[in-house]
Every structure is written in structure tokens, then in C-alpha cells.
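Note that chain A is present in both complexes that follow, paired respectively with chain B and with chain C.
Right after this comes the complex of A and B.
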């Protein structure tokens, strides 16, 4: 970041510093209908790793699920080779090309189709401009950036105007680096209410990177594509946001269970159901919290590391759209922003992975080693990655004291 | 009948006659012209034959470069697809020509797609087998280097043509090359049986479909070209060459 941009980031921070987000509770209803069994989330005497058996089961299932996805991901070249030789070669013309493009979509290869490109351009426009809609919505609801952060009445007016000013910059794509600095400034300011508040708003920061990387003459340009670096940053930050949010859902389990108590329909999710399968029915809400969080941790991890990015973007798009249109209604309209971000990533043709080393090793071994040996390497790497992504943090959380949250 | 063993499984069974055809096809490939008959036979042992119906993609852009192909019979088009789905035909392949060897050596994803224009038979050599063969016969790598230089020269020529030649010249040049490479002499002239549409010709020329369509009408009126079903006929090759000379002035 240049010195000029750093100064602007500081200015943005200064401008927004006096605004007070008095409370950071979720905007949607989250009051618990009955207390949760807090001991379920704590160290259990005699249990493996000191965990409740159901907690351990959910952790292991999430690890195995993640392992499965990683194995398929690392072996995707071999699978692709098999599909090309045994399926694709039997087709011809447009049908062959369509099947090839579907395959390319699923394994994050470039999809070279006119409508997909146009859709991608539209998605980037939506991603870059939708924060303006969120800011306008917040301004009309006396809140800062998101409805979760209400403004203090004494200073609300001026910050509503600042938000509208920022929204106009974004809508007209004017001085985007300044818009980026203002977003970073706002996000850093949110740490004043603790890391959880800032983490909750982490997905919003993704667009700040793209704004900060844009030229000052942004209003003269039609920015309709993200370059490879921007795509990578957006993917990593967005995934990291969901990954950390997943862990905070376990840490702050009362809030998560409270949302489930008020909106019981969110408890029906196939992946969540899979993780909680066979657990104690008396601990349904507790295991749901854990499974729901595990699903978010897993999807966030895969998005962050670039494993089946498009597939996970599609699943998360479905989840967010459902939350907005079916489960929570208008209260969750700011979710239009992550939907834009996910669409921009999903339609990008510059998707990469953070596990390039394993992939390179597997490709090298294709020249000389048999399938079994390659599979063994991939399985070992996948188990290690999945284990490290899930179990240590789950174990660590059983020692945490949640009394501060109440 | 002889069974060719590769990767511990039988991948192809060839009659002696088919083996002869394979050996003779491999010997014609510029890449392998310096190899001795014994070495060509060794190469044949790691080669498979595959038939593709007309309009079948042999491989797509962005696929892993895990093999290379030699056309034995038929023809195929080599094209690139832009991100927004626009195809540009770069070349056409005829028997004896190979494709995919440079990307295969580089080991990076393919930059081109290849699709057959008619029923086509190809020889396929897998990357790991070829690399092992090249280790034993380094002269193949020299030939690959030569092929690379030839491609670079062709590309530079193509860039030059695109920059300095107008569209009529480029259209005529494409037809001259097509006639030379794929033309079949018949009573009424040279027939090009590739079923190339106006859109595909426009993508080969690097011009809009409308302008190429207008030029094709003009050249047909001038008697330089004739359409016969899906084929193109060049009634007089020398007249086409003269027209190309004038267009180039």
C-alpha cells in the first residue's frame, strides 16, 4: 500500500472514530428459549481428549468429510483423465463441449463460455456496488455498516451522511481507493467492541481490498473483472471470515442456539444433519450448534484454501439466499453483499489453490509412481490437513471460559 | 496379432498391418525423422491409436498436457477460445502432423483445443512414456526444439500479417494454405472438404463474420472460389495465387 493510501486509511479511521456502535448483538432475534447445556462444550472427565463423545463424533465426521473432499481435490487430475478418456471421448460437438464446461466448473478450471463471462462481469459489478446498498440501508436504520451496530443518537446524523457519501462514491465508482480506506478504517474501529464484532464484519473487508487496489481514475473505467491477485485475496479473506465465524459460533454457543430457537427452520440442513447423525437426541440443540458451526468451518476452510471453490461458493450462495428470502426475511437483506462476493469468486476464471505443493508432488509422481503410492501420499496429506483444521481448535475451545459473554 | 503392453495392462491390440501403418506414420512426423527404424519401432511400442468421429474434441484448452497426438488420417482444427467464449482457429492439421508435444514437454495446461473436422485417426503418446523415450533418444528433443522454432516463426508471421495485411489478403491467404494442405484435385478444381463455416473462416482470418462473408461473395463473383455444399472449391489455384500477389501489393 502506498503512503498516500495509508494516510487515507488513517483519515478514514479518524472520520469514523467518534461513531459509537453501542451494541453489537445480532440484528436478528436470538434470545434463548431455554438454557443450553454449557457442560457439553467443556472438558469432560474420562472422555477422549476430554471431549463429550457427541462433540468428538461431530469433530471426527467433519474431519473425515474434509479429508474426503481434499483427497478428491488432489486426485482430480487423475479423475479428469479418466472422465476424458471414458466419458468425454464418447461425446461430440456442442454436447461434448457442454459436459467439458460443467467439469471445468466443478474443478475450478476456466469456463470459456460467453454467457458465463457476461454473468461474471455482472457479478463483479454487483460485488463492487452492493456495499453501497448495504450502507444506504444502514443509514436509514441508524446503524453503522451493518444493522448489527446501532449508532449513538448524538452522532448518528453525521455518520449517516458519511455513510451516504461513501455509498455515492461506491455507486459512482469514484475515488475507490478512498472508499477502500474508509472501509478498512471502519473495520479496524470495530475492534473497539472486541474481536468478535470485527470478525463478524470480516467479509465486508474483502471489497475494501479491491477498492484499495483500484486506480484513482476508477470513475472513468468499467471495472468488470477481478484480476488473479484480487480474486485470491477476496477468496482467502471471505473464506477466513466464514472459518473464524464458524469457531465463534461454538465459542458463543448461546447466541447460535438462540437464533435456532427463534428460527427453527434453519436447523434443517443436510450437511448439518449428517454431522449430528446418531448423536444423543436429548442434546439436539447442543449438537446442532456444533454441527452448524462445523459446516461453516469446513466451507470457510475450503473457500479460504481454494478447494472446490466454485462448488462451495454455489452451496453458500444457496444458504445465504435461503437465509435472506426464507428464514430471516428482510432483517438479513445485507447478505446481498456476501452473495455478490461469492458470485464474483464463483464466476472468476482465475481460481487457484493454497495447496499447490501437494498438487505439484502428485503431478510429479504421476510420471513414475503407481496410483496406490500417489493415493497414499494424497490420503496422508489430506488427513493431516483436515485434522489440523478441525481437531486442535475444537479441543482448545473445551478449555475456554464463556462467562465473559454473559 | 501383437499385444502392446503398457502400464502393466494391455491397452491396444494391433495387427502386423496396423503396426506397419503406425510405424510409417511415425516415421513421417518431422519430430521423429532422424530416428532409426529400430528406434521408431520402440516408439511404436508406446503408441496407441484412437479414432475420433467428426466434430469430436481431441482435447480442450486448459486440460492437463498429458499426451501428444499425430494425425494418421482425417483432419482437425486447432483453435483457441477467449474467456468470453469466442473461438479463433489457428491452424488445421492433416495426416503426418502432430499437436500437443510442446505443451506436453512444458507440462503446463494446454493453450489450445483440437477438434476433428471429419472422422480422424490419431496416434497417442502419453507424456511419461514420451519423456522416458526422450531420455533414451535426446535427438528427439533437438527436433522438438526445431518444431518450437518453426511455431515461433509461424506465429511471428501471423502477427505480422494481422498487423500489416488487410482482410482481403488474409482471406485469400487462408484459402491458399487450405488448398495446399487439404485440397483434393478434382475435375472442377481443388476441393477443400473441411466443412468450414463463414464464422470459422472469419476466426481464422481474425476479422468480423460480416466482412469475411462480403469478401467471400466477392471472390465467388470473381470466380476465385466456389461453394459446393459444405465444401469450398478453388477452380484455379494459379488465379488464386495471382490474386494474392495483387492483394499483397
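Right after this comes the complex of A and C.
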């Protein structure tokens, strides 16, 4: 009996190690139709950095793409100045205001238009309440937090009631700090089922921060705006979620390719096709997995660091809405939550960037240094940032063997 | 009317989070006890025995003797070590016991060459002795790329091939949480053969696969494991 207790205690500690946890399956069909070439994702003898040439090409394309966006971002003040002098000055009235507002939208400056402000208020309400819908949907589908992972039948009922309780707190906006703590605690519990379950649910943690920062009397208040700190946290956590999810798509390449096998239309995305351009057609599925992941890594990184936040929010809104309404249908209805989160960030007038230092330096040099020197600084910083964001992790993943998956 | 807005301190939120995590783990421990016990059992498996059979009827040393006798009839197991993992009651002790507490037990088998193992044959000889293995845990290095090849007599048409390839769906293995290790399936009715490609795992329960084949009406007359690369190397690589 003592031995059995010891074994159980050992098992308890072991549960924190992901390799011992059991796997849960996704609702979206993802069974591979044909085996994937696993060796493509591993170290290759003779290749540069030991990577398959097509993998390296996609990594370099993603790095260059990111570099391009960063250069334009760091030079956006100069571009704004140029547009004001050469375009806006020639326009008048409503057209001038419209062009100015579109420009402000694209470079994350405040958009001071009544309807945009009202839409932003509605987006925050949707963002704060939509998790309740996801929880209710998960509860009715025997799942926990995300419908992707079914509950163990023996504990399903109690967790379903807990989710309904949490959903009621959210819908009635009662004790939101408690709701935030419940979301955090439940998310940590998801590690019990493996790190990839928790990573999949990471975007849900975003709203937990806003709840935790809300007043205890939240039920008596109308929360319609996120303050600058909340906006920053939501942007960073949401972006980090997509960034990590992108990397897990490469690590768990069979699942990603399996989704493509079952929904071939998702393999025809133009941005993804751009990354895979010129790669070996015999490895179409493998390069698609990488390109798809690279697109998500890039968008997640830019959202996380506040580079063209609104532009990337708009692109991701399009992608999520398309996946929900066109590609996967009802099974992806929980996408309503990230759509709410992206809308809340996109309509915020408190957007900032994590690369303020580069921007400050570029501003300082504006008075004393020629354009070429400023461009050189910006280009060097952009290449370094983009390289560090993509290549080291891609290289590291070639040494992994998916053994953490369950 | 609110006269003073009260916010939660970070420490309080952290404490509530930790507390709630503890509650979730507590619920898990109480309601999902079988998973915790399964983990504890798995931790006890010896590392040097690649094949372990869970025999649900293993009440005493007499039952184990019959299991061993059955397995020794298999030519490639005749000289191998077959041992029981936990101490069993003697026949006399079992006779005196009034309740079956843990009726099942693990039998660990040492097989140097796993490619010789035919899981259908193991199942057949055990059943002939009135025993059955509810689990057949096969362990191997987790980076090893493996596949199972099943010989199926009635794999007669395209419909059978489709059924074999959708085995997880048709056998309800997916809903029951089984065959989680299964990556993909290819079948050929000309060769009467179904190949099951496995994900990287440390252990696989082969009994799940035999059960699923029965469930879809394609019982295998042989099921073997192979360790070759399941796919060719990338273009330009050896």
C-alpha cells in the first residue's frame, strides 16, 4: 500500500513533465492522408546550417519579408512627412481628411473619427464578453477552455459546470479579477495535458489580464476602452500566442499537414504561396507547412512588437473570418474570440511599439545625419531583429524529434 | 453609486491563480484517478523489456504459469525471458482471498529482435489457454520511425481499402481516445496488406490496433512491426 502511495506521489510530480501527459485530439480533422517526409524537418548532412535547402530558403524569405516591414516601419515618420508635404497639401476637405485618417490607421497613429471610436468601444465589449461564448461552446462539447481538447469523461461534468460559472461571471461582468485568476489557473492546469495544449490556449490568457486589471465592482461599470497598459499587454500576449503557435506548427508538422490534407483549399493562400515560391514541388506539403508557419510567426512577431499592428490585425481578421466562415465552418466558431481580441487592438488609439529605442535614435539623427546614414542604421537594426526572430529557432527545431508530442 | 474603485493587487491575483490551479489538480486527482494510476504503472515498466502484456486475469502464480506456457509455444519466444512485474499470490493464497482487488497484472517479455514478433500469434496462443492481453505495450527508442504491417485476408476491394484507411473514424477509436499514436494508414487490396505509420512515441499499445481491425471487420491474420524509414529521404539527400 505504501509502495502504491509512493508511486501515486511520483506520478503526481511526473504530471508536470509533459511527456507523461496523455494527448487530446482536435475537433478539426487532421489525420494525414499520406506520411510526411519527416527528414525534411531534421538536420541534413551537407546542408547550410544542416538545414534542407527549401527550409533555408523559406526561412530567408521570411527574414527578408520581416526586414522589409521593419525598414518601412522605422522610416514611417519620414514617409508620413513626405505624404503630408506632397499629397495631403494638395488635397482639401473630406478627401484630405480621409487620406490622412487612412494613413494614420496604417502607421498606428490615433484615428480621430467618431464612428471609429464607437466601433472601438463595441469591439472592447465583444472582446471582453466573447470568451463566455467560447466557454459555453466548450462545455456543451465536453471540452475545457478550447474545444480542441475534449475533457476526460470522468471529470467532464464538474469542469463543464465550472466553465458555465466562469461564463456567467464574464457575461454579467461580475468580479472580473476573480474571472481573470480563474482563467490563469485553468490555463496553467492545461499543462497537465502537455505544453502544446496550453500553447494552443495561450490567446485566451490575453483577456485574463484585462479582467485581472478591472475593478472588483466591474458589474456596476461599463468597460468600453482599454487603457494604454492594457492595450500593450493584450497586443504582446496575443502576438506572442500567434508567434509560438507558428513555431509549434513546424514542430508538430504532421498535425499541420493533416489539416491541409483534409481541407486542401487552405493550401492556396497567396502569402503562404509567396514563401514557398521556387521550392521543390515534390515537397509541396512539407514546404506548405513551413510557409504557413512562417506567415504566422511573422504576423505574431509584428503584433507582439507593435510593428504595423493595425495592418496585421486587419490581415489576421480576414484570415480568421475566412477560416471560420469558409474553410472550416462551424467547427471553428471559437475563432469569434480572437476576432474580438484583434478588433479591440485594431481600433485602439493607444498603440505603441517595442522598438522605441531604434525609432528614437532615427529621430535624433534626423537633424544631423543624411538620409543614407539613417537608412543604414535602420537597415542594420531591421536585419538583426528579423534574423534573430526567425533563423535561430528554425535552426534549433531541426534538432528536435517531436518526442514531446502526445 | 461607486465612491471608490477597488482593484485587485497583483499578489492577490497570483494567489487566486495558484489556488485555482490547485483546485483543478485536486479535481483531476479525485475524478481522473485512473489516469494518475496509469502513469504510476507506466513508470514501473522495466526499460530493458520491449514488450509488456497486460493480462486482466492474473489472480495468482498459477495463472501466470499458464500465460508463460502459452507464450513459450511461440517459436520466437521459446528461449526468451518472460516475467511477471509484480509479486503474485500463490494459488492457495488466492483461494483464500474473498475479493479481487487488482485482478490484472503486467507480463514483461524480452525480445531482442522485435521484427520477429507477430502480435496476432501472441493473441492466438493466449486465447487458446483461456487468457487474453488487454494491452500489448511495445517500447522502443522514441526517435525510432516505425510502422505496423497487417496481413488481412478479406481486403478485397476499394471499399475495404477505404475502411482500413479510415480505421480511426469507423472503429470509433477517435471518440474513445485510442490509436492516438497513429499517423497515417496506407492499404493495398492487391497485397492484402495494411500499413500503419506511427508517430514518434516511446510506447504503443498494439492491442488497440488489433481491436480496431476487428471493429471494422478486417481482422488481421498477422501483424508485425518494421523499423525501416517509412518515407524516402528528401530530394538530393542520401
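One rule holds for everything that comes next: the second predicted complex is superposed on the first by the 379 of 406 C-alpha atoms of A that agree within 3 Å, B and C clash if a C-alpha of one lies under 4 Å from a C-alpha of the other, contacts with A are read in each partner's own complex, and residues count from 1 in each chain.
Quick note on the criterion: contacts are C-beta pairs under 8 Å (C-beta built on N, C-alpha and C of every residue); 3 or more make two chains touch, one makes a residue touch a chain.
If you're wondering where the values come from, they're calculated on a predicted model, not measured in any experiment.
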First (chain B), second (chain C), both or neither: which does A:178 touch? second
Contacts of A:87 with chain B and chain C, given as first, second, both or neither: neither
So in the superposed three-chain picture, is A:100 touching just chain B, just chain C, both, or none of them (first/second/both/neither)? first
Comparing the two partners chain B and chain C, which touches a greater set of residues in chain A: C
Applying the document's definition of touch, where does A:357 land relative to chain B and chain C: first, second, both, or neither? neither
Chain B versus chain C as contact partner of A:376, first or second or both or neither: neither
If you stack the two complexes on chain A, which partner ends up touching A:229: first (chain B), second (chain C), both, or neither? neither
With touch defined as at the start, can you tell me which chain C residues reach chain A in the complex? 2, 5-8, 12-13, 16-21, 23-25, 27-29, 31-37, 39-44, 142-143, 145, 168-169, 174, 177, 180, 182-184, 186, 197, 199-200, 202, 229-238
The residues of chain A that touch chain B in their complex are 77, 80-81, 84, 88-89, 91-93, 96-97, 100, 104, 109-110, 112-118, 349, 363, 366-368
Once bound in the complex, which stretches of chain A touch chain C? 4, 7-8, 10-12, 14-15, 19-20, 22-25, 31-40, 44-46, 52-53, 150, 152, 154-155, 158-159, 177-178, 180-182, 184-186, 188-189, 192, 212-217, 220-221, 254, 280, 282-283, 286, 401-403, 405-406
Name, in rising order, each residue of chain B that touches chain A in their complex. 50, 52-57, 59-64, 66, 81-86, 107, 109, 127-128, 131
